[in-house]
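In the two complexes that follow, subunit A is the common piece, with subunit B as its partner first and subunit C second.
Then we have the complex of A and B:
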């Protein structure tokens, strides 16, 4: 039960200042494009917020390449669009040091790295990806009883709430998904683990309650999955979570909008 | 629940850190960016509106107008272009016309020249054929001539041979004849020698009586073997004429002058009938050889020049005339005197004639210019004059006032005068120009020595009377005898050495006063003429 709505609000209002810059080699013409600044929500996805960016930079690109898909990279690492923005940002956190804001992202139009990125042709693919993530999370939490019973318009409401940055519209439907179906615990906790510096995602089956009925804390979970890491720190949403935090509460409150926990272990 | 508080706090700090610090700035930036884009679009639109010039309502009309204007411009350009092209075409037409005319002209001229040259070719061909024909004819002619020539050559050589033969014969005959003639001549010579010896004997007897310095007489034999002038009158040294051998009537009236020719056996006589007649006396009879006419009055004196080719005659018509003897043509007429011209003589190599006249002047004529070049005033009528070439005295004239005057041709006045006792009727100069004979009216002849200008001898005789004012007395060639005619018709001859007594008196021929006598140059024949037109040649045979 997501009762701590102030935390939810805090999380919802998290925004990052991003400075988009066109790759120098792709500048066509005399005039250098000015860098484009934008506040992007942590919870959203890049393809949803980058329309203006594209419009701004597309004038300065070689006319032949203007039809090609825009892709972003930071420090020569292409950014996967199917991850939420906050996750991408936290992945570059090294040794407790987060990336300096504004986040300098380089925009590319040419040389799309086929081997590293999927093509995102339109907004519908983002939506389908989002929906499939939610289904997966619901499967893990409720054995997909909740999500599948939701009607179509409710699904759309979820998506439009995300799109339009409407807290109430989204949480009015997401609340249902956050209630445990039986008992006070989800069946399983949908968690994505990342090691900092790499974008490899690990997903394991996580129970929220131990066999003896206690809440599993974050520390135990980490110790379980990353025994080799000494003094591990867990980042999500740009903050370091204390080890005592129960995983169940975390899943209810600290999940991203696709109902997954994205935890970066440093 | 510390962990919850920790989380809450962390989230708060995160939001304030991440979001709040940038949120306003980036929001404002986004707004500015949007507005700038909008303004740019509006700007472009406004500019396009301004270019169009008016608001959207009139844009349709303005578009139409501009379209029409453009069309009009295009049409005008086309029009000018077409005009220009038309002008160019017209110019081209004119040029082409001119060229065409030029080419036509050249064509006609070429045609004309072609026709002319064709004509020329035809004419030349005709000429060529003509020339060829001529050439062939000439060749034939040439051939014929050559043949004739050859034939003539042959004939000529034959004739030459004949001639040579005849010449040889002739020579032979001539030689024979010459021998015969020489034999005859020898015989005659012998006879002559006989006669001569006889006469010589007689003369020597005569001469022995007179002892004076006679010059040696040079014997002049006129014997030539082959000569036509061998006549009855033969040369005999120192033989005086004694008989008249030829008598003839010379003129129709008074015969005033007679002269022997110095080269031929010719006598010239001049008379009152205005004629000068030439007589050939070589054959024993006087043949009139010719008459020199032209004088308008009586001829007073006749003179041959030294070559015998010219005769000058002084006439009463106030003029003297010069004829050539051979063709008897009048050459010159020398006028200028105011009265009768009494004497005319050649002077020098005969290109000058000196005349003396009753108008008391002497005139010198140059025959080359046929004019009188000098006049000498003599104060008295001149009856006769002689010329000589000795230095100092060139002209001697005898005058009415009993004086003989000696003139130099260069002076105006006579440089010497000699007075005689009567009117001087004639003058004659001896061959050596040392003695001057003058016939004077007081019936004497005076002999003057010119070296001393003194009278040295006087010839007179009984019965000798000077007949008229122009009686002529003459020396002979050897100036050892003088002859003169007398008023009763006889001719007196003196020897110079013996002035008192005449040597010979020739009578019985003339019936009238003898006016003039003349000695022959080589023989001692005398010709005399009288007032009754009779001429007589005396010889010693």
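Then we have the complex of A and C:
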């Protein structure tokens, strides 16, 4: 399993500088709020790192709207909080040389786009979303035989490891989920596919090994699923991945914390 | 019991045929995968229900009934190899019901079970075809439900497993299944 821990640490520590600014239309009163700067982990989710952002801006909006749910937008695209932060950044910036760090994100309280974003009224919604992704990933990798036999406290280690940004706590349990079940392969590879610039996610069954027993590489996977894309480039964690990389290796080393590979294709 | 996509389509077609005969409103829709262009079938039903406007805490049956616009999608889940139900409910002004309200609409005999474990029962998730928010009954127990109902991969059954599953979970999602589905001429399923 995931034996190259340098890579795991490197990806875990990936951070993005973000500049949050309240939408101009929503500023209430004469004083304009200062922008709010934050370093956020690529692997985390916005609702888990935005308490301070909300606290900073909430006093600058109409008192009647302060109870409303905060949501984020980049260039008129509402940001889906259920995608990892790094995925959102790669989706909307990788193909655009104009975008620089810090990432400029607009904060809203009003007009929640409920036809596009999931409600996130409390931390439980993030936890439930995250844990059900992990469960699904384990279903794909091991027919759910690892996750479902873990104890409640082991599930909690995974969640609190993410919540508190504790690598060792998270990986002490996650390594069990990254163990290939028979021989050296997972049954299927959990992958979420995206096209650069769109928040539509697609999923399909991905095998790690071909019928004749060879490793399936990223290049082969993309050719199979995007037959009409010429010279596709595939990014994850902001890195353009060489096409000869085996997908089994990628799954063990480059999955996000929900145990899915999130691949952005351009 | 897990089912294959081909079985799912067979069961869905049977359900739709009976629905047509009693004018129950189920349709089969097609989704085209944007990656490789393949088509996937799924069941859709849209209806208006009169529902109690109660909250999760207050359980008074005196609150007025209001019309709720409902849309149900039953699709095949590739990861779990089982059926998967997504649904949305709106007020007539187009505003989506809150998750709390959806929990409160669970049939009274199951409500306490759902409330005790609500974040593992029904939550809001992205629809796998449209990437838009839908409510969803968590799919991981669906294969288990099918097994509890006596279906196993080895047998042939006189009943449509999809229908048995759907009528089992329907009280959770406010869906009514007409009794005639249960005594229609049986087809053999494999």
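Here are a few things to note about the model shown:
In this text, the second predicted complex is superposed on the first by the 259 of 266 C-alpha atoms of A that agree within 3 Å, B and C clash if a C-alpha of one lies under 4 Å from a C-alpha of the other, contacts with A are read in each partner's own complex, and residues count from 1 in each chain.
Just so it is clear, contacts are C-beta pairs under 8 Å (C-beta built on N, C-alpha and C of every residue); 3 or more make two chains touch, one makes a residue touch a chain.
In this text the structure is predicted, and so the values were computed from the model without any measurement.
After superposition on subunit A, the partners subunit B and subunit C are seen to fit next to each other with no clash. In the superposed model, A:74 lies in contact with neither subunit B nor subunit C.
In the superposed model, more residues of subunit A are touched by C than by the other of subunit B and subunit C.
Rounded to the nearest 10, the angle at the Cα centre of subunit A between subunit B and subunit C in the chain-A superposition is 90°.
Within the superposed three-chain model, A:102 lies in touch with subunit B and out of touch with subunit C [touch as defined at top]. Once chain A of one complex is fitted onto chain A of the other, the partner contacts of A:114 are limited to subunit C, with no touch recorded for subunit B.
Applying the stated contact rule after C-alpha superposition, one finds that A:13 touches subunit B and leaves subunit C untouched. Once chain A of one complex is fitted onto chain A of the other, the partner contacts of A:202 are limited to subunit C, with no touch recorded for subunit B.
Contacts of A:240 after superposition on the shared chain: subunit B is touched, whereas subunit C is not.
By the document's definition of touching, of the two partners only subunit C reaches A:139; subunit B does not.
Across the superposed structures, the minimum distance from subunit B to subunit C, using CA atoms, reads 25 Å. No residue of subunit A lies in contact with both subunit B in one complex and subunit C in the other. Of all residues in subunit C, those touching subunit A in their complex are 33-36, 78-80, 95-96, 98-99, 119-120, 123-126, 128, 130-133, 138, 140.
Chain contact summary for the complex, subunit A toward subunit C: residues 80, 82, 114-119, 121, 124-125, 127-129, 132, 135-136, 139-140, 144, 188, 190, 193, 195, 199-205, 224-227.
Per the touch definition, subunit A reaches subunit B in the complex via residues 4, 6-7, 10-11, 13-17, 36-39, 52, 56, 101-102, 237-242, 244-245, 249, 254. Note for the complex: subunit B touches subunit A at residues 2-4, 6-8, 10-12, 14-15, 18-19, 21-23, 25-27, 29-30, 33.
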